[in-house]
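In the two complexes that follow, subunit A is the common piece, with subunit B as its partner first and subunit C second.
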Partner chain A sequence: MIPVWRIVGRRLGNAVPVLLIVAIGSYCLLELAPGDAVDAYLSGSGGDAGLVAQLRQQWGLDRSFATRLTSYLLSLLTLDFGWSVAFSRPVREVVLDRMGNTLLLMSAAVALSFSLGTLLGVAAGSRPQSWRDRLLSWLSLALYAAPGFWLGLMMIVAFAVKLSWFPLGGIATIGEPRAGLEHVLDVAWHLVLPASALGLVYLALYLRLMRAGMVEAWRSDYVRTARAKGLTRQRIVWRHVARNALLPVITMLGLQAAAMLGGSVVVESVFAIPGLGRLAFEAVTQRDVPLLLGIVLAGTVLVIVINLLVDMAYAKLDPRVLVS
Partner chain B sequence: MWRRFVSSREGMVGLCLLLPIILAALLAPLLSPGDPQAMVGPALLKPFADAAFPLGTDRLGRSVLAALLHGASASLIVAAAAATGALGLGTVIGTVAGFAGGRTDEALMRLTEAFQAVPGFILALALVSVLGPSLGSVVLAITLSSWTGPARVVRAEILSLRGRDFVDAYRVLGMRPMQIAFRQVLPNALPPVITLAAVVVAAAILVEAALSFLGLGDPNRITWGRMIAEGRAVLRTAPFLSAIPGIAIIVTVLAVNLVGEGINEALAGKRVAA
Partner chain C sequence: MFEREPSRRTVLGAAVGAAGSALLPQFAQAQGTVRRGGTLVVAADTEPRNLNPAIVASNGVFYVASKVIEPLAEMSYDGSGLVPRLATEWSGSADGRSVTFKLRPGVTWHDGKAFSSADVAFSALEVWKKAQNLGRVLFKDLEAVETPDGGTAIFRFTKPTPLQLIRNALPAVTAVVPKHLYEGTDIATNPANTKLVGTGPFRLVEHKPGEFYRLAKSPTYWDRDKPYLDGIIYRVLPDPGAIAAAIEADQIQLAAFSAIPLSELPRLAAIKGVQVLHKGYEGITYQLTVEVNHRRKELADVRVRRAIAHAIDKDFVVSTIFRGYANTAAGPIPKFDKQFHVADPALPNFDVAKANALLDEAGYPRQGGAMRFKLRLLPAPWFEQTRQMGDYLRQALRVVGIDAELVNNDAAGHTRAIYTDHNFDLAIGSPVYRNDPSISTTILYQGGLPAGVPFSNQYGFNDAAVNTTIARAAETLDAATRVQLYRDFQRQVAQSQPLIQVAEFTFISVIRDRLRNVANNPRWATSNWADTWLSA
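What follows is the complex of A and B.
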């Protein structure tokens, strides 16, 4: 048996070269962007050649590419992500400020898609080829084909404009500071539509995976044994079939983390949620290269951490991975 | 192979949906001649109200149907080009990694992991911001954010094939390793890649829509994502302007996914038979 922490250690060991590649790769990529930080900084106000040269020297932009890359990588080691030109604040602060909202949105979306998706998957897979199974399968296929931002817009039309059940956007009611439970409920109320828009697309994925796993599990020997023992159908569905079908779904949870983070860029823009995704879009439109670099790296770390957590959960559910 | 595909219900439904869309994209200049961005009628006409504009008009009096037809070609061109790029790149890297093994494999797999850990859409945002919004940069952005899946699948297939006797036979014949890898082993590893093609195409259509929704698509072309974004300004009064192109995206992606399942079933059947 390999203890769980050995797996964690090996994973973290692999993460170092991955992060290094991402850091160097995205630094080189953004170096190709036309114009530099000084151009972006002065694009609003303008400035003469003297000021430009002075700023370039001040910010170290007159040094060679290799020197700048090395000093960037070294400052990353001290968790210094540089200076955001657009926000006039350290990149780390801006990113950490926005990260919370994105994590909230993603967790709500994951909770929704995972719980509802697996439950509907069990409903579909407990009687394969029934009308219920067919209906759910087609519905999930259609949902899986829908762009999340479009679902969000349509929900705004239906539930915010026409029915006024939910707010149009934002993360909390502006101008009315609330405290304690009231604030939590206010944020939750604001998150319903965006989390559904982001989560419904993935719901389909979990539903299909769960259903496929259950169809597979029905054919296995242990289900036949369970039947022969005279167990009730209910018990076979939940204790024997669904439990084993859940494992690939858990793996998918980690695989989809990166895609979901990307999806939240657009959903955050639709619902005006100040999160990491909208920050990425703002960094692009304002040509804030250090900020964009910081977001790419923060997103990568987030994906690596989520995958690590998923691996640990998997090892807990299926101890077989610890052997070998 | 074709017979098996025809017998799969999903595949045939998908094909029946996809063919008209491809035809519409190809024949858009004939079906609705002229510039789809030209103002041709009264503004904000509702769908089915005027036979000249079956799907209504937008804020500037442009025909929604014309934009939809011309948008189909942008969507399909980007998706097809990006999928070709991603599958090509993924196949080459997967084959080299799987067949070479050792350090080359190790290095290429770290590279793949790095690309997998970066949220693809944020990478695409960064790329488009560097290269400027154009059809080409959108294609490149989608290619670079979706080649890792095919690469891993191809590598796994190659790994399972490279120990076979026929590889040793070609080695004895004096073929160079990469020649064996690409000419002899790769063709045997392709079926799962073909299955993956539909997934990549579907994802590419969605990413293109999201990018152009954010205003990062080609500014000179009408796309479905851009139509949704433009309809957003009048979402309260004319929600159909955003709804219609979204339905077009759903139908197209659904069709591609269904065709993918049909191919999957056809290939699986063939494998069982073999």
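What follows is the complex of A and C.
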């Protein structure tokens, strides 16, 4: 069996070329989009020929593509992520400012969808074809079909506008700085709706995966053996059926973490949460190449780390993976 | 003053003291109408990277910054069209080479320093003239600003410059910034561009990127009685649906600049406490315009351009795309500007038969069911309506046998394609009219401009007669003659249709009706809101 630390080391080693490919690829992609940062800026305010030339020079856009790419990659080596022209601040600052909110939103959404999804999946899968299973399957299908932004808006209408249970948006109450526990509760209260909007689709997915895995497991020999041994139904459900059905769900967890960065663009806009998703959108419309790359790289690192953690969890559940 | 019974009023009077008692009648009256205090929360859908209105004269900047940094004068609905702000009087010399401003006394910057003519001189020469998107053109002939005393600034121009133009430009281009914070620094990157220091009724207290701007009442504002509000919070809400919900829940009291889609307005207007306002933006009128690339052989022919104009049903555009919240356009100067606008009978009306006849005559007959020719049509992404106009024009052109292929870009891509690469045949744009034809309107017709200048004539249109009229008007001092020249200009382009104006529109505000003194000047959303208040 290979020790865990070597797997971690190998994975992180593999991450370097991945990061490089992502950086160069995104740089080229954004270069292919028509118009540059100066065009984006001028589309808002206009300006004369002198101003146009002055801005291109100030923002270094008068240099050739190859020069800009090389100098960007070189500064990346020194962990300098460059200057964001859209925000007139260093990229590192802008990204770190927003990263916390996105991580918070993502982990809240993952926690919600994973815990509730698997539990409901167990509820459905423990007695396939029962009325409970049918009801949950129907519910999960409806949730799965609903787009996140629409769910978000409907939740705003119902729970924020009509019932006033939750705030309309934002990450914390504006103008009333709070401290300690009060602040934590305030943020949690602000996160309920956006985390639900982001997580409900995955909740449905986990529910269905869990249920399907369990239906499959019920037919296995080891379950028959367990029954023959005279184990209680409850023990069979939790120790034998659910545990084995959990493996594909864990795989999904890794995928979800990556896909959520994409979904958060929409949810962050609807709920006015200043996070990485919205920032990425602004970076593209402003043609702010260093900023977009900063976000993409931060996202890549995040995904790599999450996948690593998922693999560790996988190994814990199923020791066979460490052997291969 | 003698009162027998102790009342709230006497208590207040005593508190104000002897000097205050003289002001008491006025104060009492104000109590009856105006409610002081309270924080106004409004929606902001963008966060400008540079918030300095002296550098970036744009609506997004003014929306926040106009409360903090003031211009020399503001637009007004009454009389002269202007009310004094930092300047109290202005007059031009007979030769048009100088304009004298008398400045308001007793004004202080938010950091406590006194405001003086030196600030105006510095702003004009170093900021407006050198760095501002509009000022670089408008003040290009500004040579010096003399400051004989702290309350007078005399602008000296190398060429005669019409006072009428300067007057019309005052509200948008003359935001004054403090010399003591900018002098000797790199103006483009000065930290005061985001941490504004001004003379206005509100101070910028906090900006949390992606969340909010917080403005608080300035205790030292020169108009001692104002502002009425304690503060303003701009909540950054990027999603139009969320903005509508926030108004409905009274979590914001204003959604300006048409932040809410037109389709939502009837529903919101029906909610108690919500009001839809069509006023307060007259000073920022846009013209939905079909931009034409004259480099394309077919479009260089005036008959084809007129045929396209004949194919457009402006009334349909106004009633369907704008749901009635707009007017049809008649030429390059909006109808609301009675000073300059002239309606010309040569403007093409909606007439499909005539359009077909003109196209046949131009040598592009329709053979069988085939299309006459094919064009690329690029609708600008600025507004919902510019995109929808693209869809409409495509259909309208099909009717007269022109096949238009829609090409959609985002803001940067569109700006590059039209104004630098000239990579289009027709485009839908929305040039803004800034209350004088020479600020941002004639530049759309003037020939011989370098490529890459956004919102200028990048259309390949170059007409000697039009160029002459524009040049003469630019240096004509007499207001009446100047108006006459701009009327001639309108007649010239009515005939040749270098661009086709379809509709005039401006923004709509949705407010909670407890917000008072709203839309009381023609650029209200970008004015200082000193007299705005919230009722209980």
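Just so it is clear, the second predicted complex is superposed on the first by the 291 of 324 C-alpha atoms of A that agree within 3 Å, B and C clash if a C-alpha of one lies under 4 Å from a C-alpha of the other, contacts with A are read in each partner's own complex, and residues count from 1 in each chain.
The definition used in the following text is that a residue touches a chain if its C-beta (ideal position, glycine included) is under 8 Å from a C-beta of that chain, and two chains touch if they have at least 3 such contacts.
Just so we're clear, the structure is a prediction, and the values are computed from it rather than from any experiment.
*Asks:* Check the residue A:98 against both partner chains and state whether it touches subunit B (first), subunit C (second), both, or neither.
*Replies:* In the superposed model, A:98 contacts subunit C only, not subunit B.
*Asks:* Considering only the touch criterion stated at the top, classify A:296 as touching first (subunit B), second (subunit C), both, or neither.
*Replies:* first
*Asks:* Answer with first, second, both or neither: which of subunit B and subunit C does A:153 touch in the superposed model?
*Replies:* After superposing on A, A:153 lies in contact with both subunit B and subunit C.
*Asks:* Look at A:64 in the shared chain and tell me whether it touches subunit B only, subunit C only, both, or neither; answer first, second, both or neither.
*Replies:* A:64: touches no partner chain.
*Asks:* Name the contact category of A:259: first (subunit B only), second (subunit C only), both, or neither.
*Replies:* Only subunit B; A:259 stays clear of subunit C.
*Asks:* Based on the superposed arrangement, let me know which partner A:287 touches: subunit B (first), subunit C (second), both, or neither?
*Replies:* Both partners, subunit B and subunit C.
*Asks:* Please work out whether A:48 is in contact with subunit B alone, subunit C alone, both, or neither, and reply first, second, both or neither.
*Replies:* In the superposed model, A:48 contacts subunit C only, not subunit B.
*Asks:* I'd like to know which partner A:78 touches here: subunit B for first, subunit C for second, both or neither.
*Replies:* A:78 contacts neither subunit B nor subunit C.
*Asks:* Using the superposition on chain A described above, determine whether A:269 touches subunit B (first), subunit C (second), both, or neither.
*Replies:* Both partners, subunit B and subunit C.
*Asks:* Quick check on the output: what are the common subunit A residues between the subunit B footprint and the subunit C footprint?
*Replies:* In subunit A, residues 33-34, 153, 156-157, 161, 269, 284, 287 are touched by subunit B and also by subunit C.
*Asks:* Spell out the part of subunit A that touches subunit C in their complex, as residue ranges.
*Replies:* Touch list, subunit A to subunit C: 33-37, 39-52, 58, 85-88, 94, 97-98, 153, 156-157, 160-161, 164, 167-171, 174-175, 269-275, 278-279, 284-287.
*Asks:* If we count contacts the way the header does, which residues on subunit A are in touch with subunit B in the complex?
*Replies:* Listed in rising order, the residues of subunit A that touch subunit B are 14, 17-19, 21-22, 25-26, 29-30, 32-34, 141-142, 144-147, 149-150, 153-154, 156-157, 161, 258-259, 261-263, 265-266, 269, 277, 280-281, 284, 287, 292, 295-296, 299-300, 303-304.
*Asks:* Show me the residue ranges of subunit C that touch subunit A in the complex, using the header's touch definition.
*Replies:* 39, 41, 48-50, 56-58, 60-61, 131, 133-134, 136-137, 188-189, 193-194, 208-212, 214, 233, 235-239, 241-242, 245-246, 248-249, 251, 382, 409-417, 420-421, 440, 449-450, 452-455
*Asks:* Could you list, by residue number, the parts of subunit B that touch subunit A in their complex?
*Replies:* Residues in contact with subunit A: 110-111, 113-114, 116-130, 132, 202, 206, 209-210, 213-214, 216, 225, 228, 232, 235-236, 239, 242-243, 246, 249-254, 257-258.
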